[in-house]
Structures are given as C-alpha cells and as structure tokens.
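Both complexes shown next keep chain A, but they swap its partner, so chain B is in the first and chain C is in the second.
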Partner chain A sequence: MNQFRVYCPFIGPFDPCPPIREKVYSTPPNLFLGFQPPGLPQFNAHEALKLGTLWPALYSPYPGKQT
Partner chain B sequence: MEEQYYAMLHELQAVDFVLVELNLYLDTHPWDTMALQQFNEMAQKRQFLAAQFEQCYGPLLNFGHSASPHGWRWAMPPWPWQV
Partner chain C sequence: MWIYEKKLQYPVRVSKCDPMMARFLIEQYGGADGELSAALRYLNQRYTIPDQVIGLLTDIGTEEFAHLEMIATMVYKLTKDATVEQLKAAGLGAHYANHDRALFYNNAAGVPWTASYIQAKGDPIADLYEDIAAEEKARATYQWLIDMTDDVDLQDSLKFLREREVVHSQRFREAVDILIQDRNTKKFF
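Right after this comes the complex of A and B.
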C-alpha cells in the first residue's frame, strides 16, 4: 500500500536550477482518519515496537532508498 | 551480557512502547474504558517486568525510582551504551 504521491512541478525555460521533474510527498493514514475511533485492531507489543505504531490502520512505513 | 538480559530488556521496551501509545491515545479518548483497562494491565505488567529485571541486573533508574537491593549497583558497569 504505497502512501506516496507524485506531482510534476512546472518547468520553465528560465529556471535557475536543473529541473526536478517529479516531486514525491507522503500521505500517511492519519490524514484520512480524523478523530481515531475506539476499538481499532492492534498489533501485539513486539510488532508495535518494531513497526512504530500500535494500530495497523495508522501504520506508515518509511521505505528505504529504492535503488 | 547473556541472552536473557537482552530478552528481558526487549520485553520491557515493547511494553513501554505500548504504554506510550495508549497514554497518548487516552489523552484524547479519556472515556475509552477498554483502552484504560488495557493501559492499567500493561502498567502492572511493566511494574512486574521492571522488578524482575532489577532483581537480576540492578536498578534501571536512579534517584529512588528503582531500588538497588544487592548493594549499590547504580554506578557499576555495564552502562547502557556498553551493552
């Protein structure tokens, strides 16, 4: 489930620097969740520690460098 | 240090993280009794794990937040960055 979106900034003939064709930004689930409902499913303690959150619904991984 | 040291510390760390998450959750959901019950259970479990760890390997915290029953081991190695 990829939480990243891309947009393409405008590239003009007078840009001072080399153009960046695609900008990537993250949209973690908490943007869409609003006020967290009670009773969401949970990870167990060790998984939560490893993944960085107690609730799978809010899990937002930070992927490494995709070579 | 032996394997058990790390295992107990890892367990304590996992329980602590769950407590942090539940604490932050309860800040905005004080009325959620299920989460409150889980939080209290986890707090009790954390007390037990910490006491168990301190019994074997000395105090985790100083300034009275942890007892040091077997002699003063607070200033004794191993230090956190050594393990």
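Right after this comes the complex of A and C.
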C-alpha cells in the first residue's frame, strides 16, 4: 500500500513565493492494521534490527521529503 | 528496577561535521514530543492503568530511554569537537554561554523541558490516546529531522527511531482495543 497521501492546496494568483503544488503526508501502516493478527511473516533478525521492526506489515520506509 | 546494558539500542554514526544539526536534534531530547517526555509520560501513567496494559507502558517507556541515549550520542558527537566560533555560527552561542558543551533538556528553540509537556489524566482511554498522539508527533519530528540532514549515516539512525514510533503507536492502539473490549461479558449471537 502507498504509505503517503497527496493533496493540492489552493494556489493564489498573488502568492509571494513559487508555489508547492503538491503537499505530501505520511500514512504509516499502524493506521490500518488494527489489532495485529497472530502468525504474520517476520523479517530475519539482522533485517529486523536494521529496519526497526520485526514485522513487514509494520515497516514504514521514509525516503525523505517528496516536495 | 532496571538492568543497564552498556550499548546503544541501534548504532549511531555521524559522518558530517554539522553542529547546527545538533541544535535541531535536541528537539527530540528535551522537546515536548521528545524521548524524555515519552519515557516519563509512560512510566508515570502505568501506575493508574488497567493491569493488562501496565507491562506495555513499562516496556515502551524503557525503550524511550534507550532512544534518549541515541539522541544524546548524536548531539554529543556533533558538538564535542566544535570550536566556540563554530558553535556560535551554528546558533548555539546562547547554549554555550549557559552550558558550555554540556547537553541540556531543552527544545530546538532553547526552551527548557517542563513537566507540563506530559499528562496523566487517570482515565485509561484519555491517557492512551495521548500516548498515540505523542508517538505520531514524534514520528513527524523524525521525518522533519531526516529532511534537514544529508548525512546518510545520521539519517539511518533517525529512520530506525521513526520506525519505532510507528510500532509503538500500533501497540498503544492495540492497548485501547484490549481495554474497550468487554472480555468478561458473555456474548450471545
């Protein structure tokens, strides 16, 4: 699932700065999972340490500001 | 009581000399949504929360102290070898005047930490909803911090911390689920 949402704010004709036309915000997987069901797939230990979670279902990469 | 392991929860490597980043990172040290606030909030609320979720608050509150240590390491590494001129140029002149290179619990704007950043309402749902909000705010803070540096090693540690906020939020949401379910009631369908 795409973990980011985009909206287009109003751009006025007399705005002083060049407009940022698309605003992006994060919607990580904890918003959708509900009570975590048993038996979900797991990362191996090394990957889990690197990524910060044991669960692919909760992994939320953050590539940096999109705009 | 606690048992201390003399290592960080996740490695912290800082590859770029950037004292100004220390000034921004301090938001997660002594800011309203920082790790100190988080740890003290959860470890205090746990006394007046139903038995099923006390352990969760203990575990997450303890982990927040591990995160606090990681942030402290980042700030220390970024400032320990900075000259006074570099600190002044990085906007840390006022900090140096008061603290030398010591760390202090204040936010990125230099406002000292205060207990009014945290709440203990005694109502389990109110307290857990505050905790969920705190995790989402800390996640957002980590995003903005990641955006403010191009040091990939620092970003790596910050991304780990951001992911932990996501997991903590999930667990607090599950704690609410547990408390709102009336598990002792027989259900007839």
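Everything below uses one rule, namely that the second predicted complex is superposed on the first by the 56 of 67 C-alpha atoms of A that agree within 3 Å, B and C clash if a C-alpha of one lies under 4 Å from a C-alpha of the other, contacts with A are read in each partner's own complex, and residues count from 1 in each chain.
Throughout what follows, a residue touches a chain if its C-beta (ideal position, glycine included) is under 8 Å from a C-beta of that chain, and two chains touch if they have at least 3 such contacts.
The structure presented is a predicted model; accordingly, all values stated were derived computationally and were not measured.
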Chain B versus chain C as contact partner of A:62, first or second or both or neither: second
Which superposed partner A:53 touches (first chain B, second chain C, both, neither): both
Touching partner for A:29 - first (chain B), second (chain C), both, neither: second
Residue contacts on chain A - larger count, chain B or chain C: C
Set of chain A residues, in rising order, touched by both chain B and chain C: 35-36, 49, 53, 55
Touch list for chain A against partner chain B, complex: 35-36, 38-39, 45-46, 48-49, 53-55
Touching residues on chain C, where the partner in the complex is chain A: 10, 139-140, 142-143, 146-147, 155, 159-164, 166-167, 169-170, 173-174, 177
Interface residues, chain A side, partner chain C - complex: 26, 28-30, 33-36, 49-53, 55, 58-62, 64-65
Complex contact set, residues of chain B against chain A: 10-11, 13-15, 17-18, 21-22, 25, 28-29, 32, 34-35
